[in-house]
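Have a look at the structure that comes next, please.
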C-alpha cells in the first residue's frame, strides 16, 4: 500500500549536480515519447503525430501558430533538442523534467513558462462501480496528479505531459473544427484555453469527490466503523493534495493576467479574469470539503464515545442488578449445619422476597440515575 | 438524505466547451421562466408581468429606469436574447446561468455585474412548528441558498433569480408607492436597495438560527444524546455555508463603493458604507455562532465522558463490594466433608461477621477514593 | 435560561423598510427617556436634568461646550428631534437606535460618530458573594453589554445610552469641579475622556473576571465535576463576547487618532495614543484569559480520563483476583457423588492452598503490570 | 495557590481618574525606594547610592552621561520629582508606575521611553535542586516577570525597576572598569546595552526551561500520571506568559532602530540589528517549546487511552474466560434430586472435560481477536 | 535520552559580556580545527589542506577566487585571526561562533554573510537497516542539524562548519574538474552553488523521511500500539525542527536575490530564483508531511477508541448473557429444605428450559442493539 505522494522519487541522486543538468525525476508511464504537432492559422489547421522530433522541428512552418505536444518525459535527449531549437533556458527544461514541481508561472525573455498539477480520478472497473460506490474502498477510485507544463512563445507553444493521457483533446478539436474564437487569436488565448481545461478538470474531480463524500456521509450514519474512519482519513489526504495543487494556480493565473510582456493581449484578460474566478471557486469547494470531512471525523469519534457509553450502561445495569441477588443466593448455598431459616418452612419464600425487594430498589436507583 | 451542498451539479459536462457557451448549471424550480418589468420615473411607475421576452424588449421605453426581473434560469434562449439586447458579455451570461457562482462584483464597460447567494429558511408546516421547534429535526427547517444576480446599466437593471421566490417585493412596493427616495435616484440606488434587502435577509435567517441555537443549548443541558450531536453537526454545516455565502459579500460591497465608473454616484456611497457595516455585523454574528456551536460540541463530548465515568464508578462500587463477599459464600458452599467450621454451631455467624468486616473495609476504601 | 447574546432581537421586522427608517431595535430598560445637559466653559459648568427634549434644545447656549446625555432609546421621536436639530444623518440615527451595532467610528461632515459596547458585571447580592464567589454559579454574576454611542460636533456632544446606568459620572464630576484639563479643552478631549472611561470599564470587568478564573482554577484542582465544566463553558462565552466587543475598539481609536477633520486637535493625540496602548493591553488580557480557559478545559478532560482509568484499574484488579477463585469454589460446590478429593481429609486444605497459589500469581501479575 | 498573572491588581480603582494621575499599580517589593546614580565620561566613572532624590538631582553634573536607577515604584512622590526635573510627560510617568504595561517603545520630543517585562526564574533552595529538578514541582521553580522601564534623553537615562533585583549589574561594571566601548558612546549605546542584557535574560530563562522540559519529557515516559499533566499545564502557562512578554520586544527593538530623532546614532544600528536577530531567536525558541509542550499533552492523553485499553482487555479476558465456566459449575451446584449425571461415576470428569473444551474455545477466540 | 534540541547550550554564561565578545557556543565535534583553501581562476584550481591558519592567509594569492573552509569552531583564536585579516565585523564572528543561530542573510560593507542550518540523517548501521527500516526505532535514524555559515567578499569566501562533514565536496569537485560554469563566475555564483547544495540536502533528508513515514503508515494499519505513538511523536518533532530550519531560508534567498550591492550579479539572479522555487517546494513538502503526521495521530487515537469499544462489547455480551443464568443456578443451589421443585422429577428440566428462554431473550436483545 502506497499512501504518501512522493515515495518513489529519490531526490538524493540530484545532489551535487551542476544546475541545469537535465535529468528526469519521476515515474515512467510510456515506453516511447510521443509527439504531436498542431499548426493552425485563422483558415486552416493541421495535425501530425510522430515519435521522431527532428522532422517536426525541421519543417516548422513560419506561418500560423505551432503547438507541439510532448507526452512522456523520460527521453531527456528529445526534450533537450526541442529546448535548444526554441532556445529555452536549461533551468526551465530542468523544471519540466522534475515532475515534483509546485505549480508556477514564470516570464522569460521571449516566452512564458507554466507548470501545473492536473488531478485525474482513476475509477474502478465499470462493473464494480455501480454496486459499491467507487470511493468506497481506498484501492478503487483514487485521485492521481499529472504534471502538465508548457512554454509559450510568440507563435509557438510546447506542452509537456507525463502519462500520455489526452487532456487537451477538446481544445485540439476546437482548433480542427474552427469552433469558437481560438483560431482567430494568438498563443495567449491558447494558453488560456489549456488553463481553462485544467480548471474544468478540477471541477470534474471535485464533482466526483462530492458524490463520494455524500456516499460516505450516509454510510457514517447507517453503520459507522473503522472502515469509515479509513475513508475519512483517505479523503483528508486526497483533499490535502488537491489543496496543495490548486492554491498556487490562483497565483499563477493572477501573474499571467498581470504579465507585462507583449505575449498577453488585453483581449485575453477578461477570459483570464473568468478563469481566476473559477479557480477561486475551486479553492472554495476544496476548503468546504475539508471542513466537511473534519466534521465527519468529529461525528465518527463522538458516535464511538456515545456507543461505548451505551454499552457500558447495559453492562452496569445487568451487573448491578444481579450481583447482589447472586450474593444472597450464594449465602444460602453455604453448607453450614446450623444456619437460620434453612429448615424454616417459608425460608425460601422469605429469601425470595428479600431478593425481590433488592431488585425493586435497584430499579428505583436506575430510574433516579435516568438509565431506564 | 442529501447533506452536501452541490451533489447534483455535474460540472463534468462543461469540460471542453468553448468559453462563453451558455448552459444552465443547477436545478430547475419553475416550469416556465417568468418575466416582470418595472419602469419608473420620479413621477410614475408601471409594472408588467409576462412569459414572453420579445414584447418586453420591444417597447422598452427610453424614459425612466427599466428594471426587468427574470425568474427561472433553465430557458437559456430567453436569457441569451436579453443578453444580446443589452449587449452583455457572454462570460457574464455564463456566470448568471451557472448557479454555483461565488458572490462577486464586476465592473464592465457600460454596466455592473452582481452575483449573490441569498439564504432562505424553509420552515416546517405551521402545525408542527409550535410543538417541536423547527430546527429540532434536521429534516424540518433548513437553510437553502438561491443565486440572485443582476446586471445594472445606466437606466436599466436586469435581475435573475432561480426559484421565483419574490425576494424583492418590498423594493417594488416602494417604487410603486413612491415611498422613500428610490424613485428620485438612479440605478445605483436601486442596486443598493436590492443589496440592502439581501443583507436584511441574512439578518432574518441568523435571527431564526439564533432561536434554534438557543433551543438546542437548552436541550443539550436537559437530555444530551446522539440526537443533539446530529443537531450540532447540522448547525455547523449550515453555518459553514452561511460563512461561505456571506464573506465575499463584504468584498462585493466594498468594490461597488469604490468603483470609479460613472454608474455609482457619490450620493449613494454613504448608504453603501452603511450596508458594508451591516454585512460586517452579519459576518460577526456568523463567526460568533460558529464559536458557540464549537463550544457546544465540547460540552457534549465532555458530558459523555463524564457520564461514562459515573456509570463506571457505580459498576465498580457494586462489583468491588459484592465480588469478595460472593467468593467467601462460594468457599463455604464447597461440598468437602471435612471443612473447618461447617459443623460449628456459630460457624455461620462467624462467616457472616467476616463478610460484614470485608464490607466495612470496602466502604472505607471507597471513602478514601472519594467515590462515596 | 438564555445563553445566546441576541435572541430577543428580531431583525426580521426591519426587512424591506427604506434605509434611514428610525426604529428601536433592542430591549427597553427605562420607562421614560431621561435627558441631561452639561454646559461648560473654561470658567463655569452647569448641569440640567429633564425628560423633555424641547426646552433643552431651545436654549442651547452658543457659548461653551454643550454635552447632552440621552438615556433610553425606545422614544424614537425624541431622538429624531435631536437629530434634526443638530442635522445628523438619518443613517447615523438608525445606527444609534439599533443596539446590535458593532463598535465603530465614522467621520461625517461637521461631526464624528462613535459606537461602543460597554461591558458591565452584574454582581450577585452582597451576602452571597463572600461565600461562594460571584462567578461560581452562572446565574449569579454575568457580563452584560450596553451600547453607548455619541455624536460629537464642534461645540456639542450628544451621547446615547440604553440602560440609564451612569457610566460617565466621573467625567461629569471632573467637569463640575474643574479638576484636570477637561474644561480647558474642546470636544475631542471630551470624546477621549469618554473613551478612556470605557477602556477603564473593560479593565475593571477583566479584573473581576481574573478573580473568578482564579477561583475556578482552584475548584478544578480540588473537586472537578460537571459543574466546573459548565463554568469553563460559561467563561469561554463571556470571553468570546468580550473579544468581539473589544477588538473593534482598537481600530476605532486608531481611526479617531488619524482622522483629518479639524475636530481632532493634535494636542489630544498623545492621549489617544495612550488609550490605544490601553486597549491593546485589554485585548492582550482577553486573549490570555481565553488561552487559560482553553487550558482549563484540557485539564478537566484529561483529569476525567485519568480518573476513569483509575476506576477501571480497581475494578479490574478486584475482578481478576476473585473471579478465578470463585470459579474454583464453584467447581467444588458441584453436587456430583463421585468427585475426587471431596471425601479426602485434607481436600479442603489442598483446594485452599490452590486458591492461595492462584492469588499469589495474580498479585505477581499485577506487580508486573505495575498496577500495585 | 495563585496561578493567574494579575490577580492582585485592581484596575477598578483607576476608573474615572483624570489621565496623567500618578498612582502605583502593582505589588510593593521594597520598603524604601532605592536610588543609584552613575555618571561617566570617556575617562571617568562615578557611582553614588542613596534613598533621597533631591541631592541626586541637585548636583546632576552637566558633563558626561548621567544614569539614575530607581528601584521600587510605590514612592510616587520621588518619581514625580524626577519626572518634573527632566520634564517627562505625565502619561509616561503613569505608564512607568502601572506595572501591568505591555512592552513598548515610544519616541517623545527630547527623550525616548522603553518598557519591558524581564523574566526571572525563582529557583528552589540549592539542596533540593540537585535531587529532584527544580521544575519538578510547581511550587519550586517559577518564572516571574519584573517591569523594567527607562527614559533616555541626550545625556541622561533614568531606569525604573520594581523589585530591586540588580539586573543591570554587568553594564555598570563595564562602565566602571571601562571595558568595551560603552564609555565612548552616547546614551543610545547604553540603551542598547540594557536591551541586550534583558534579551540575554530571556535566553537564560529559556535555557533553564529547556532543561526542565527535558526532565519532564523523561518523566512522562517513565511514569506518566496526573502529576505530569499538572506539569505540562504549568509549562504551557509559563510559555504563554513568556510569549506575551517577548513578542512586543521585537517591535520595540525594530522601532528603536528605525527611530529618526537624533537620539539614535547610526553607529548603534548594527548592534540593534544584532539584538533584533537575538529576540527573533528567543521568539523562535518560545514557539518551539510551546509546540513541544503541546506534543507532550498529546502523548500523555494517548498513553492514558492506551493503558485504559490494556486494562480493559485484561478484565475482559479474565471475565470472558471464567464466567461461562462458573456458570457450568453453578448448574451442577443446583440441589435438584433428579439431575442427569450427578450419580454417574464419570459425571464429574465429563463436566470437567466440557469446561476444558469451553476454555479452549475461549482461548481460540482471543487468538482470533489478537488479544493473546 | 535527549529529546530537546538545545539542552546542552547554556546561554547563561554569555550574560553581561560586552557585545562582540567571541565565545564558542555549542558542542565540540573535532579535536582540531581543519582548514582547506581552494583557489581558482577560469583556467586553474588549487586545493591546500592544513591546520595552521597563518600560512594560508600569508600567501592568499591576489589572482582568482580564494575559498577557505573552516571546520570546527571551538578554536576561537583561529577564527579571530581570519576575521581580522578580512576585516569582518566582530558581531558577525560572534554569530558564526554561536551555533544556535537562526538562518539569516546579512549585507555588510564589502561582504555578505550567510548562516544556515543543514539537516543530515544519521542512519543506523547498514545491516540493521534492511530489516527494520531505519526510522523504526527512535534511537536509530535521526535528523541532526549542523550550522553552516559563510562570509563572501569580492574575490574571497570563508565558510564555517561545525562537524567536519564534507558537505561541499561536490562543489569543490566541480571547481577542480572545471565542470559547469562555476570557474567562469564570481563569488556570488559560488554562494549560489553552496546554497543549492544545502537545498538539495533538504530534499534528500525529506526523501528519506518520506520513506520512513510510509513505513510507519503501514505499521499503523497492521499493528497499532504505543510504539507507533512514540514514532508519530518523534516525527512531529523532527518535522518541527525541519520547519524551523527551512522557513527562514526562503527569506534568506529572497534577500540575497534582491541585494543591491555589487556582490550579486544579475546573471546569477535566475539561478537564485530557481533556488527560491526549490525552497518553496521543500517548505511545501515539510508542511504536507506535518499534516500527514497529524492525520496519523488522529487515526491512532480513533483506532484505540474503536478497539476499546469492541473489547467492551465482548465483555458486555458475555457478562449480560451469563450473569442472569448464573443467578438462576445460584437460586437453586440454596440449601433450603423446602424449596418448590427441588424434589419434582422434571424440576431440573424446567429450570434448564427457563435458562434457555432467558438466553434466547438475551440474544434477541443483542440483535436489537446490533451487537451480534
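The letters A, B, C, D and E name the chains in turn, as written, and every chain counts its residues from 1.
Operating definition for what follows: a contact is a pair of C-beta atoms (placed from the backbone, for glycine too) under 8 Å apart; a residue touches a chain by one contact, two chains touch by 3 or more.
All of these numbers come straight from a predicted model, not from anything done at the bench.
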| item | value |
| --- | --- |
| Shortest chain-hopping distance from chain B out to chain E | 2 |
| Chains touching both chain A and chain D | E |
| Self-contact between copies chain D and chain E, residue sets same or different by half | different |
| Centre-to-centre distance between chain E and chain A (centres being mean Cα positions), rounded to whole Å | 27 |
| Chain centre separation in whole Å, for chain C relative to chain A (CA means) | 43 |
| Touching two or more other chains - residue numbers and ranges from chain A | 305, 308, 312, 315, 319, 323, 326, 330, 333-335, 339 |
| Arrangement of touching chains [line / ring / star / complete / other] | ring |
| Cyclic ordering of chains (reference chain C, direction chain D) | C, D, E, A, B |
| Chain B - residues contacting chain C, complex | 169-171, 173-174, 179-182, 192-193, 196-197, 200-201, 203-204, 206-208, 210-211, 213-214, 217-218, 221, 270-271, 273-274, 277, 280-281, 284-285, 288, 291-292, 295, 298-299, 302-303, 305-306, 308-309, 312-313, 315-316, 319-320, 323-324, 326-327, 330-331, 333-340, 369, 371 |
| Residue ranges of chain E in contact with chain D within the complex | 1-7, 9-12, 14-20, 89, 91, 94-95, 100-102, 104, 106, 225-226, 229-230, 233, 236-237, 240-241, 244, 297, 300-301, 304-305, 307-308, 311-312, 314-315, 318-319, 322-323, 325-326, 329-330, 332-335, 339, 341-343, 345-348, 351 |
